[in-house]
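There are two complexes below, and they share chain A, which is joined by chain B in the first and by chain C in the second.
What follows is the complex of A and B.
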């Protein structure tokens, strides 16, 4: 194992070195630092050109410039971006954190949605539902991200802001959403025609009622979840989690999930007092989340029984959901204040940048501001990557479902839920160990298109701007960081896969 | 004939029996072709793609042959008509005044360029880039993959390290650098005017070649994998024993068996190529005026969305249609080449078959009585 890792590590270093040579040569050739001076009309044009040539050593052969770059890079100096005279390492720190904050959430959301839909689509293979999902995912897969982004900016943002300023019911839209939701649930839950009809009716009616209630009750002016909403959503989550992972007949799991939801509800007011009296920051919130998950596990453990793990897992999931809902509720409470703020001008959904400059306000206002800015780029990113995850997971699930051990599991009389959740799902999720690390690299590399269009100063935008400005140093830093992370991620993917799947030989 | 027997007869016509009967006496190629022709999505995609290509090339002409559209030069400005709005009118049965194209069916932009000519030229560019990029990646990928897979050993090691090198960086990053390289090379190195003009005139072709040279690694990996399995088969051994050269074994014996993987991958690469080229042109590192690209059109016109949305809808629509068609064709090809694909009759077909069988049994019973 150690020998295997050492060999891969040496190869990785070699690849990185060759990469630096090739990319430096390419970027150095593609950069034209004199382009603005060549067409300039300044009287001292020749002097300016000569001074820039001297500054960037443009008269020296390429290898000299590369050697200088390599020399300072090995000493940990990324150099400076010569046009703005800023240190590249300073630029990188900001850019990486911006990119990660933009893409982490979008990737997680796309993974969750894509995997769920892919699995359901595989379970309903060759039904109208499956064909529709296939068509929609092909459609999304073919969408150019820049087109979607411009559309979101010019269409959705303006429409949404107008709507928030003067909420009214657009019947065509509301009924269309209700029908689509009904069709989705009827297709996803499947069954005989009669059952489908009932599911369709229920889902469409619930969607319609929820939408109308949201618009008519004035919820949009001061949105909140509140203790009532928290109770309903918590109980719903508890039921859903138990139904999927343990089955309702497992009473201990059901009671532990419900009890966790109840504890979360009981802690609502104490937490609101805590948020009111203490200055909150991210470490405290993550600490509270960890505490909540620990409590959920604890509740599951207390209910005990022979299958403690299942109850504990259910409790932990419910606790995490309750914590997230409480957080969302607290952020929602500042919305009226945020909406009336002078920096917002009554147009809360932002189309450009990562935050409103000079907004001020406390932690919660900042959170809400981040949310209104991240909304559109996240939609663009999720729409695009959702499609490939769905296709991927559908394929993996179908592959597993045709295996002999699934037939065996069915033949020995296990319930369909156990066959799918315990035997099929776990094995169908395994290939993701090879995909997720590689996708997370894209996170460091930044979403070049999305960042450029929405004006997020992330890694992708840094790269594009530097290329336009003919600045070699930031591009090299970008390439080295992305390359190193990509190599590590591929290594990690191989490693995890070998760890999860004993059939793969590591030392091969 | 008893009830039991007829039931038995039905069950022996299980899924495998149907499958085998259907492909009786057909060659592998015929089976694949038949499966492909039966794939509704792929056929739809093929139809749409053919229509788009026919429409765009016949409208704008190929090379020296002029097309049927009145304006051959997409970069010519025209006097503003109808305030730049599309002049195409709906046919009567759709509630319009009768179908007619008018002078500018897709409208005009703010300096009076004909949007129809621009979009059609853009479609031509996209299709051209798609084909050239696919061919380049095909040639490079198959060559490297088959050499690595067939000869293994040291050659394999080095070729695969080369592949790793290309996979490490996001395609769009390398693409942007190459695109920029193409567009500034003439100015920077002070090349003669003819060279610069040649680059600008052939920008789509050159960009497609450059992008093809960075998109081949997935193809090379897949082909190598196929070769590694196929080279151990008996038919390769027998070819070698009867004195066939390496070249002959690769091209005549192994490659035809790997053709499924190659074709499917090329198709998927092509759909990727359409989106990649438009994205690069949108960023300004791909095809730029006077050459027309759909991505560049969207980039130029994104500010005019509120006043002239048609400048934004038409190019976008064609990008999506092309990419979607190619994706569906790729899906159909994958299903056609995959030996595990089974044709599953729909619920209605099954019910119909059951009813027919039941009727048959009833008839035979009557006859017996």
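What follows is the complex of A and C.
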């Protein structure tokens, strides 16, 4: 094991070194730091050029500049971005955190959606549903992000803001959404024609009713979940979680999930008073979330029985969902104030930036503001990365479903739910151990186009700006950091794989 | 646990609901959301230093913020005329030779921390940009000051290096006479300097002297600090000056809100109150400002994004009220489709031109024809006659700026006050208004030159220049020229290396200073002017510019420039083509925006903006 790690580590260092030489040489050759001065007519142009040549040692051979860079890099100094005279390490800190906050959520969401849709697609292999999902995911995969971004801004920001200013029912749109939703659920749930028809009708009707209710009840002016919504959603979550992980026949699991939802509901008002009297911050909220999950586990444990673990897991998931819904509800409560504020002036969904300048307001307002800014870039990123996860998960699931042990499981009379959730899903998730670390690199590396178009000052933007301004130091820092993370991530992927899959040995 | 326990669960839920229904909802605490009037402007590049007169700080992105936060003696109006800002200070010329100017601060000129602006600030402005006090002059020594990472080392004790050298200011070598009250200072130029009035901008809007002195010399009291600073300059106290220079070079370089409030002390209509790196900078009305160029809103936010389409959509979504994106046909279409938005198509500071090479043994060089200058002139004239200037503007620029015109002056921006007179005098429009293929053929026949080969250098990947090249090629070949595509992505580095006979590129005009264009055309004993990439050498031009440099009289300056341009046209030096197109768009809630071509472009008249 030690030998394995040492060898990989040495290889990693070598790779990084070669990478640094190649990238430095390429950037140094391509970049022209004097570009903007050449066509300047400034009277002191000569001085400016001389000063820049001296500053960047442009009269020295490339190897000198590379050596200087390497020399400071080894000492932990990333150098400066010479145009703005800022330390690269300072720039990196802000850029990495911006990129992570932008891409983390989008990646998680894309993973969740992609895996779910991929699994359902695999279970409904070669049906119209499967083909439609395949079609849609390939279409999304091939969309250029700058185009998606412009469309998203036009419809989901500018269009939605116009709509919010004067809400009214667009029947064509509402009915189209209802029909699509009906088709989706009918296809996803499958079954015979009659059942499909029932599902289609129900889903379409529920969607239609929800949309109309949202518009007509004035919910859009002061959106909230409220205790009633929390009760309905909590009970629904409890049912769904139990159905997926335990089966409704497991009464203890069902009741523990429902009881957790009830506790969550009962805590709604105490929490509202807590949020009213105490200044809230993220550590407190995460503490409360952890407490909620612990409570959920506790409730599951109390219900006990032979399958205690299942009940506890269900309780924990329901508790987390209830906590999240309560948080969302509290954020929604500041919406009317946010909407009317001078900085927003009735256009809540933003097209650029990570926050509204000079907004002011408390923690909840800031949360809402973050949300209205992160919404569009997240959708853009999800739309594009979701497709690959879908394809990936569909393939993995299909491969597992054709295995002998699945046939064995079915042959011994296990229910389809148990076969899929316990036997197939677990094994089909294993390839993700190879995908997720690589996505982590993408997260650190940022998303050049998305960040530029939505005006987020992340790593991708830092990279492209530096390239445009012929600043070698930030580019090198970028390449070194993403390169190092990529190498570590791949190492970690190999490692996890070996841990998860007993057939693989790291020493091999 | 029996069934009873299980039936309790729905009861529990119902109970919880009932409990919920009767409890009162605490309404959210009233947040202190703003109520100020705010205008948001989108700009492409973030500000990176509040000291823009250093050798690396000269960028419009910096000048804009300084313009809004530090008052000055002068500004340029719509026609690029100099306008005095008497509420900051006044100036008068005491004598022409030696050129003596007296600057007097107005009582209304105050720093935002309440300290009055006075002679110490002017002296710092002059001393830091004149390089008179620099003891580090040798380029090897300057190089030794650079860290390996490119940053500037603090200069060692006893060595002084202000990282700046401004033409004209460096002609003032003597410490000024300062009045009793410390409000005025009289500066004397060692030789008369034509653009002294343009250079007044370096005396105002400098860094606050009392804060520079406090940081460098540790004197906290503003009056004492200023006195210490003045004394250091007066006595050439190297130890103090080296500390002052270090502070001056480095401390005002920031890309996010600095921790020390003294670094955002200004003297203009606005103060910097928030700066989120690469996101936005918030300027708040300066309560201490007593001058005339007042803030039109409580808050001005400059947001940063360079994507033109993102600019348009942010304007449409009312996140910003004013944008000036790089225009493309798509961006203009999108802008024109917007309701409640005013679009101004106009010019930018960069102008496109074609230069011919005089000294490379090519078709335009007299050497090629046994030093027969007349023959070379005919070939040059013939080539210039084939350049389809109007067609280039109509086909390439008009779609981006419907008001675009052919530029007919080498040195003056269209719309500047002397433009009409100069273009009438220089003859460019009369001689090269129309493409004259027959005339060109006749000139070539007259010169006895057959099918001269012309290599044209231009930016290979630049679509606009590709189109220009093909239009020129098509036209010139009709007259019998053989045009060779010498396009190169690395064109900037090839300029002046003699591997081409004609070049198409743009010059950026930095200021309307009369002496600025000299470097394009003169030949001195040390070699060509810095921007004379054609090997052009005309004694008369050299003399005229030598005279212009020391001519204070503006009428004479104008006459000299007309004469220079006439000679350039007669020598067939080259042709100017057009001004780069720019677009400015703003919401109908904003009025009064009227951009000029040079920095600070859209901001120049911010005090007349109105937000409804």
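Here is the rule we go by: the second predicted complex is superposed on the first by the 507 of 508 C-alpha atoms of A that agree within 3 Å, B and C clash if a C-alpha of one lies under 4 Å from a C-alpha of the other, contacts with A are read in each partner's own complex, and residues count from 1 in each chain.
The rule is simple: contacts are C-beta pairs under 8 Å (C-beta built on N, C-alpha and C of every residue); 3 or more make two chains touch, one makes a residue touch a chain.
What you see is a predicted model, and the numbers here were worked out from it, not measured in a lab.
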When chain B and chain C are modelled together on chain A, clash or fit: clash
Chain B versus chain C as contact partner of A:11, first or second or both or neither: first
Touching partner for A:211 - first (chain B), second (chain C), both, neither: neither
Chain B versus chain C as contact partner of A:154, first or second or both or neither: both
First, second, both or neither for A:345, with chain B first and chain C second: second
Partner chain(s) touched by A:19 [first = chain B, second = chain C, both, neither]: first
Most chain A residues touched (candidates chain B, chain C): C
First, second, both or neither for A:143, with chain B first and chain C second: first
Partner chain in contact with A:123 - chain B first, chain C second, else both or neither: neither
First (chain B), second (chain C), both or neither touched by A:29: first
Chain B versus chain C as contact partner of A:432, first or second or both or neither: neither
Selected from 5-13, 23-31, 131-139 or 185-193: the stretch of chain B that, after superposition, runs into chain C: 185-193
Where chain A meets both chain C and chain B, residue numbers: 32, 34-35, 38, 146, 150, 154, 452
Interfacial residue positions of chain A with respect to chain C in the complex: 32, 34-35, 38-48, 50-52, 54-57, 68-69, 71-72, 77, 79-80, 82-86, 91, 94, 146, 150, 153-154, 157-158, 161, 227-228, 231, 235, 251, 255, 258-259, 261-263, 265-266, 268-269, 272-273, 276, 303-304, 333-334, 337-338, 341-343, 345, 347, 349-355, 357-362, 364-365, 452-455, 457, 461, 473
Chain C residues within the chain A interface of the complex: 1, 6, 9-10, 12-13, 15-17, 19-21, 23, 25-36, 38, 40, 48-49, 55-56, 58, 139, 142-143, 146, 148-152, 163, 165-168, 250, 253, 255-256, 274, 276-280, 282, 299, 301, 303-307, 309-310, 313-314, 316-319, 350, 490, 492-493, 495, 505-510, 513, 515-517, 519-520, 530-531
In the complex with chain A, residue positions of chain B that touch it: 41, 161, 164-165, 167-170, 172-174, 176-178, 180-181, 184-185, 187-188, 271, 275, 278-279, 282-285, 295, 298-299, 302, 305-306, 312, 316, 319-320, 323-324, 327-328, 331, 340, 344, 346
Parts of chain A lying in touch with chain B, wherever the complex brings them together: 11, 14-15, 18-19, 22-23, 26-27, 29-30, 32, 34-35, 38, 125-126, 135, 138-139, 141-147, 150-151, 154-155, 402, 442, 445, 448-449, 452, 463-464, 467-468, 475, 478-479, 482-483, 486-487
